[in-house]
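If you scroll down you'll find the structure; I have some questions about it.
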């Protein structure tokens, strides 16, 4: 989910670790990938469009095909301020203003020559891999794309974890689909035979990178948190959630990133923001819901200016909830792909989501839960007001609610959003102050920056 | 009024009372009579045979329509989410669903999916189950999965009812629902062939009565209605009028309010097919009564479902089934009527419209909410649409006029006499269909 | 009564009006001021504050008069008359400025072809306006009693347009724009005059004018005590002088409201309007636990604890459905004034069900209903209920309605809205005490002033010391 914007440069400048490092690597990886896409035709590589949640990246690598993720294209169009035009064109051609703007942005981009984030035309798909995980709209999206491209579609239906668990029936259904539908489709596409050893090798690399990524996300348990696990988090999950899981490049990226973050922890540093080093950490928040991409930087600034750090977020789990322990398992290649798809955040039942957010509130010593409810995404949004109430009741902490959209600037009212964020943070202040007064103490503000971490970096075997 | 016309009236009034029964008094009474449980289900389709075989009453839940005010329900949903989950929660929180011992949430969209989890939290003492349906239609893949899901549902209902559901009971229920589907098909045939005999609002109410009635009773009701309506027509009531036969698409979940359905016909349309009551008519063939009944239900779903937006369309023939439907029932246009913010319907629409355009079938589109209170705009739109089709076919292309004359032929001789007798307002706009 | 009076000030910069409240050290409300928000937020804020200062000075004058045995006997009548004359002075000052600017505008090239006519007509109109302002006729006095707005823009605007229309009709014979070519036309139309007014009033509103107590009170006092014995006049003069001489120190000012980001305040002196409304409502009705605020742009449902601290809140999304603005659209659609809607709806005998609170569809639904033969008052009753239904949803989201519930914001002055609210609260929550303060429009500013007063206490905002 990288982008060649100022934001990236700022985040890239992880202080104290030089400017080589993780973000440069991510940039290079992304550039390589798009270069490969541009040359796909001449090099005889097949291109597969697919979605982020429940993606089969390792299997794609095993077949040596190149993935394209339309959601990523849409959010990048938004960051480049193109989405309003694209959405407008899609709506003029008959798409309802009520529906998901990712879809409309993507369709508008196709109408405008399908120019990718690097300014070059993206190759059309040779196959649409419809991984229908946690989002109904995906299904419609690829039905729509099928009308644009003359190419086969293969459906991988991930059943919903409605009872809060993965049953054998669900897993078996997934494995059957992989074996009977998806793998044969890849074999037909590439003319290659399914090579399970190659898949295992990729899965092994995935698991290594996943360990490091979890360590990075969990670094936010420190006080101050060295990362912003939402705005910064979307950069950290980029390689893992897209084309790079299961590659050496990703393994290298995540070990580098982890070293950088460990260094920040050791120095007691907070997150880097687009405006540079963030000021003192005043609020620790858990955020539910995707970010807004059209005003991503402005949105982040509204938090950063107030000293609000996001210590955990559900959005960084849409491509896998790794911090609950899941790792890709080379010993059970198809079952592990099934479990991966089944476990993605939006494929979890509402009670599961609430449990997870509550756990984050506790594990990350958060001051409150803030929900960014996006108009486009009913998979996330339907039920968020109940989530809010449940978390407030369970934790006794303040809940906040803001409403925006993914990529439609018409649904980002900066004044409204800022008002709600400020009110929310001031409400947290008031509550704290009251607690202090009721405790009879003065000066009971939260620990100053750089004070005792919740767990020592040394505990994890770091110097 | 003819005797038969009064009979029709009595039947329709009974159905209308059931339609307005948002407190589920009919279910309360049934439970008091039988001492058995009732299981609610949201649109679109659930295999009611399993509930019936458990000795329970399947109850179709269609939101609150235009009959209730939403206060608590709105507290749970943002403004960009459709109406039916709000009214369903409102009904639940105000105790109007207390008669239900459980609720099934079929896989229809992300909102209803998430509602299943909300239900688990809001009504922890009640049984709630999300019913996933396969989007893979291979018997050996999706079929195996779905049969096991049905097994799970059967096991749950056995537990809930405290008695086993054996294969014979399931087969007996399948027989009952096959009969119901056949009766529905008779009604749909009548609408197709002589829509003036079974107007859209009446047919709708008669089918909707099946949401609350035990299946056999409902089957009888449908047959009674069809017979009485046909007699009434023969006795001179219910004359044919010059209206444009149309198909309604997109209304499979949240329902348009009854006045909207009436508005469409009054504006000059005959609704000869619709997806408003799709769940009851979901399967297009009898379910096999041989062998494993759960397998039979699963196979029926895989291979005999009516295509709709909530189910994946595996071929590259998106929209073809709708075009076929239009031809089959002799319709001359399609009205897309979808609830505001309905993801499946609204995302599907452009694809369906494209297919219709290719087939030269005119269409128009509007959105509604179940509690809509204004129909003027829709009346004008539907009236203009119906008129433009008439105009177009009168002047128009060979194909269309051929179709139309074919249809006139079918409809028989009474056309002339009905001219000028129509109820539709004098919408004289020359505006063509939207696709033009 | 000497020395410096320390006060705390709260300013609420709303989307339509800006309010200020001045508190004395004991926490009593000393003064309140209101003005229309304009493109220049800083100035609007300054004018509201000045108004509040004026009203604070008058409160001090009340105290001074009460302390004087002789003057105390007829203090109220004197004070009210003085206030009227003071307002008149302010009005005349502003009119003078408006005349200057209008005449300057009439020299613009744009209106060169009608300059002479325009200048003549403007002079006539301003002469009449000033005559009325200085020696109000019975009619103007009555009109000012009933006037719906205190703002100079509105008062001057309606008087100006009345005069422009009256004289314009005899001249051009048509109120609208002329059909003949601009270059050839020499007569002055109503639109020409209003065009000048619109340009001028913006300039007048956006440049500071001396409207202070100190600057205008002496003239007003002279007029007020004209004809009284000199000794008594002197005694009044001394009372006023002590008030003028009293120095008021604004210890701290806290800003809030829609435009608070643009207020010329330090970040530390800005508070969210949600917190301010919570605290303000708590101050007005200390047992309040739930606050509903329906303003022009947004609706807020707020829960507060026993000390007025917000525990949760919800507000409308970017859609303004169900806010005051919606009533504005309805009023336009029905060609009524916003303030006429409530009273008309109260006459309803049979409420019509309205499903849409969408401002975009409101007009269509309204016309549909009218065409079906529904009565205006019944439709309006339905509309008011629809608005309150939206608010009920936000209230439910924020945690429901607790015993002792306060309704604030402009819509709280609408009787039909209040009636619908009472009804729906009763139906859904049972008996609840519903409070509406006559000063409900000042709730946010009051809360801000209370935050200002908390002062040092409030400094405990974490990390603040580092941020400075």
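The letters A, B and C name the chains in turn, as written, and every chain counts its residues from 1.
Operating definition for what follows: a contact is a pair of C-beta atoms (placed from the backbone, for glycine too) under 8 Å apart; a residue touches a chain by one contact, two chains touch by 3 or more.
Remember, predicted model here, so these are calculated numbers, not experimental data.
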Using mean Cα positions, find the chain sitting nearest the overall protein centre.
A
In terms of C-beta pairs in contact, which of A-B and A-C ranks higher?
A-B
Cα centroid separation, subunit B vs subunit C, in Å, comes to 54
What whole-Å value do you get for the distance between subunit A and subunit B if each is reduced to the mean of its CA atoms?
39
Based only on mean CA positions, could you tell me how far subunit A sits from subunit C in angstrom?
47
Residue numbers in subunit B touching two or more further chains are 75-76, 78
Could you list the positions in subunit C whose residues touch two or more of the other chains?
317, 397
Please output the residue numbers of subunit A that touch at least 2 other chains, ranges allowed.
385, 403
Which residues of subunit B touch subunit A once you look at their complex with the stated criterion?
75-78, 80-81, 85, 105, 107, 109-111, 113-118, 120-122, 129-130, 132, 134-136, 138, 140-142, 144-145, 148-149, 152, 309-310, 312-314, 316, 318, 338, 340-344, 346-351, 353-354, 367
The answer for subunit C against subunit B in the complex is residues 317, 319, 321, 353-356, 361, 364-365, 367-369, 371, 389-390, 392-393, 396-397, 424, 428
Would you mind writing out the residues of subunit C in touch with subunit A in their complex?
258, 261, 271-275, 298, 305, 307, 309-315, 317-318, 397, 399, 457-458, 460-463, 466-467
Once bound in the complex, which stretches of subunit A touch subunit C?
279-282, 307, 385, 389, 392, 398-399, 401, 403, 411, 413, 415-416, 418-420, 422-423, 426-427, 429-434, 436, 442-443, 445-446
Report the residues of subunit A in contact with subunit B in the complex, numbered from low to high.
93-96, 98-100, 103, 130, 132, 135-137, 139-141, 143-144, 146-147, 153, 155, 157, 159-160, 162-163, 169-170, 172-173, 176-177, 180-181, 349-354, 373, 375, 378-379, 381-386, 390, 403
